[in-house]
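Next come two complexes, and both contain chain A; in the first it sits with chain B, in the second with chain C.
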Partner chain A sequence: MSTGTVGRKSTSRYFPPSFLKYFKRKLKWSLKKEAQSSAVTPPSAPVPPLSTGSSLTKIEVKNKHNNSFTTTTPRTHFDTADSPKMTSSNPSQKKRRIALGCEGSANKLGIGIISHDITTGEATVLSNIRDTFVSPPGTGFLPKDTAAHHRAFFVRVAKTALSTAGIPISEIDCICYTKGPGMGAPLTSVAIGARTLSLLWNKPLVGVNHCVGHIEMGRTITGADNPVVLYVSGGNTQVIAYAEQRYRIFGEALDIAVGNCLDRFARTLEISNDPAPGYNIEQLAKQGGRILLDLPYAVKGMDCSFSGILTRADELALMMKQGKKGPDGEPFTPADLCFSLQETIFAMLVEITERAMAHVGSNQVLIVGGVGCNERLQEMMGAMAAERGGSVYATDERFCIDNGIMIAHAGLLAYETGFETPLEESTCTQRFRTDEVFVKWRD
Partner chain B sequence: MAVSSPEGQGQFPLPKILTYPSSTPPTLITQGAEGRVYKTTHLDPSRPCILKYRPPKPYRHAILDARLTKERITAEAHVLARCAREGVPVPAVYATDPRAGWMMIEYIDGVPVRQAINEFLGKRPETDQEKVAAEETDNVPLIELLRRIGATVGGLHGTGNVHGDLTTSNMMLRPFSTTIAAEGSKARMVEGDVVLIDFGLATQSSSEEDRAVDLYVLERAFASTHPRAEKLFQHVLDAYEKSFKKAGAALAKLEDVRRRGRKKSMLG
Partner chain C sequence: MATDADFPCALTLRFPFPDARLSNIALKAIRVDKELSPLVHRELSTVAPDDKTSTEESVLLVEYKAATNRMLRVAVNSFMDSLSLVLEVMEEMDVDVLEPPSAS
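Our next item is the complex of A and B:
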């Protein structure tokens, strides 16, 4: 690196070449998006609050959709019939397969519709609608309230996804839903919604592992072929690499997940949860950087731990509120705390990822999951990958934050290999490890 | 700007110590997880040694980076010296300069255990795990290696140190001075003494918890690196159990650590 990247303004960030490629693609999507959004009416924004007296509950509607993208990765399919004109009813004439995916393992309800070209495997996002349950500052989202939110909004989000995609229901091949891991009550609410659609429209169900959804979506969007994957979200911290038909977990957090650590610290500081606590920590951290407060650094091989760091950060926050001075004799601010927290935990994440890369001999890294949106994490990872002669691949919030399209995409990949989840087995599970899934669609 | 060529290797600026004349030029053996590992004859033409250099990490905050680099080199050299004194097979330490970020150690003439195991497993036709476990007779040389790994790790723990990053990449296989298996046989691939390396995350500890985490890290690294031999890992633990007095307690704790590990993947 020519200069240290710490504390530089975001306009002058260092990005490895792959990033430029990624931004170009992103630009392409946003152009398409603009072109399309003029033709499509976005769903009505204001939505009534939950009928229960939760006046504190703010619910926001996000309309991130109409994103088209393409991949060059060819895939194997059942039939390769290609007819000049698409007629949706005759399966032998089909040019594409379409899946609707429902996600609700945490506080985001997402429904997306994807199509895979039968001959080329090219994936196209037809719609990607999300609605986030936002809890008030200082609180986390409780399973019961989150489940109620998902139930209340399922129909609305599904309808918007369908109208945005502009396809007839008859064209949909399967209904995919998140089987796990996640919070029980919200998962169940969404599974019930998915089963209902399946029965209503007479379509097969496909249960999807949430983590595999993130990985497959990330691979497709970025074009990273066989990367080491850092999966970082509110509930998971895993370093993953593919080998012999499974996504194998090389390293993970030994206690709480990194996103959970950030979310809980946001609660300590009573930072807003809107749009996401981690996002607000990131913005605050950009104002810090005067000092680096000493936090424990806990890496064990390819594993790491965050609870000790959280405890210490909470202690420092208390000292700050009591007006105590920092190590340089000056008072410190929430921004300094957020900066120090990010610098420390992201350095740990980059370190365990680097260790996994050295171990499996790969120089590509893909970041997925909600924390993966953090630009500082992407920047640090980029600097590491560049040193190893490789590059980092990341997606923006439309895809790295939980969404329905990734469930549709991973589900459709499995469906294309002949996988279906019979209705009586369409349950959910809070614990569902990434390496439990047999990945039939890769070599 | 250091490097960013696709190959990466060979274009790193040498650490200053390696710019002094020596009988043969230093060669970059690998870009490990943390540092660059050079082979050099810097000390003496007949004594190849390893220079492990931890360059500043550009992604890390400079203060944090300096702290970690210094801590780790010092810890690594300390634990290596202690292990050598107590008879645990590790490379000898020749010199260190924590502030410049390097350490010079004995060269181990062998391959990483990861590579040896993969070569051994690679010789058999594609097969599933059950089969690997079933064909026990075929696996005897591998099982013996796993037992040596267990005994060596136990030896380390017995000295009151934990490794912190136990994987099959962080163990070298040094060929026995007199070989047993026949030339070219499969058994030859996994023959040799297990030498532990890479002590950058090692700490002095005799706690059951730390020992158990060490084993847990190894267990998972083993399963993900050698999925086809996953079922054989128990042999490592069996040999570990017999290797020092407190091993039983550490193994009991391992159960706890595993349970915690399974519990944590709860949320999406």
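Our next item is the complex of A and C:
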């Protein structure tokens, strides 16, 4: 057992004891707050795989009905000897595997294309396109309207993703889509688009768990080895750690997600939803700080609860509108409310994350999900991690906020272990627990 | 057409496609999702066109029956939304549309 960890208690209540061996590894001890994606993958700007050869490749490939790959371009890694099928992957012939991922579980429609190098496994983002459905201030996004938005934009976003990536259809190995969790109608609308593409192009489908997508993308982008993951978004709030081929949930929100609490509070204050309500709350909170209003602090062991805080915050907002004074006798402003709300809920998240870190003896924290973009949360988590001699890993808004590339990435990882979703099973489900996924690609 | 006593409101739709491949793709893509309400039944199949212009099954046949007219309307509207997405994807992103065979 590694020494110096606080509060290590038996984990046999939740997880097998062999769980602990994963956290005995030596960890980085410098404080590293990474808001930008690390050098592991290049930015999601279009990265054409070839300079001059690509157009030639396309023409060659589609004219050959016996599906042999071109041999005349500079990038020739394909042997024509075995006439590989154009559509299915044939590892001995190819240099890289490519997946197209479609995400639409909430109000963001994202389609991305990723490639994995076959020998090194290095991931390259070829394109990452997203369109967000923004509802007017004071409203949230409803399933029916969100699904209509995704249907309306699917083709546009998909074509942009393809042209940005600059690859021919024949090079795509699989089509990945979000199986769940999320909102039913939007999920299904994207799944229908993905199924149609898979049937038209004759590619296998891979259903991906949204949470696992966030985790895998965060790990790859930041290079975090084996962190405790705080997954915080509008729909999910979970503290996750990996053990024995599953992402185990240590703690979670008992009622509503933290992002949901923030979004609904933004509705109360009628803050703009563009680009995201949480972002606007964050900016408004920066103007606060004069006073900290009293909000309930609802941590329940390893879990936390946000609906009570939201109720109280809504009450305070009503008091503010009615001109009542705060505890120090001065009227308080929306900025004070936003500041107080953020400080309270982020402190709760830091506490449950720290408890999980102590539980498993880990020093790395990876923050993923839309709320992970919040710099104040990253700052508070960083302060906690520094006290423990650890580090915080976070990505920027390209990968924090729901996107298609994370679905492509996680889907391709699964596909490479032989996982596929047959068409008849390519449904969507609103309840899809993170630990239901068998993580075969990690040991 | 004999109507089911439990599901008195019925509607049959026929969608002609250019060929059997496309009608089959539409069928497969949409039939995966079950109807949400137990009061609505749907049957999807592909058939040959009525006017006997060809024998290939290029027509998508959709048969809906529901307990009330309102449920029927809701179900059919939702089906049409899904189908229009399928059609748009076919129209703009089929293999020969994205990578047209070069005119030689």
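As a working rule, the second predicted complex is superposed on the first by the 352 of 443 C-alpha atoms of A that agree within 3 Å, B and C clash if a C-alpha of one lies under 4 Å from a C-alpha of the other, contacts with A are read in each partner's own complex, and residues count from 1 in each chain.
Criterion: a residue touches a chain if its C-beta (ideal position, glycine included) is under 8 Å from a C-beta of that chain, and two chains touch if they have at least 3 such contacts.
Note that the structure is predicted; figures quoted are calculated from it, not measured.
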Fit or clash between chain C and chain B when superposed on chain A: fit
Partner chain(s) touched by A:169 [first = chain B, second = chain C, both, neither]: second
First, second, both or neither for A:387, with chain B first and chain C second: first
Partner, of chain C and chain B, that touches more residues belonging to chain A: B
Touched partner set for A:193, first chain B, second chain C, both or neither: second
Touching partner for A:255 - first (chain B), second (chain C), both, neither: first
Chain B versus chain C as contact partner of A:347, first or second or both or neither: first
CA minimum distance (chain B, chain C), superposed complexes, angstrom: 17
Touching both chain C and chain B, counted on chain A across the two superposed complexes: none
Contact set on chain A toward chain B in their complex: 1-2, 4-6, 16, 105-106, 178, 180-183, 187, 210-211, 233-236, 238, 241, 243-244, 246, 248-250, 252-257, 260, 292, 297, 299-303, 343-344, 347, 350-351, 354-355, 357-360, 363, 379-384, 386-390, 402, 430-435
For the chain C and chain A complex, residues of the former touching the latter: 25-26, 28-30, 32-34, 81-82, 84-86, 88-90, 92-95, 98-99, 101-102
Chain A-facing residues of chain B, complex: 1-9, 30-34, 57-64, 68, 114, 164-167, 169, 201, 213, 217, 220-221, 223-225, 227-228, 257, 260-268
Residues of chain A defined as touching chain C within the complex: 58-59, 62-63, 147-148, 151, 154-155, 158-159, 162, 168-169, 188-189, 191-193, 195-197, 199-201, 423-424, 426-428
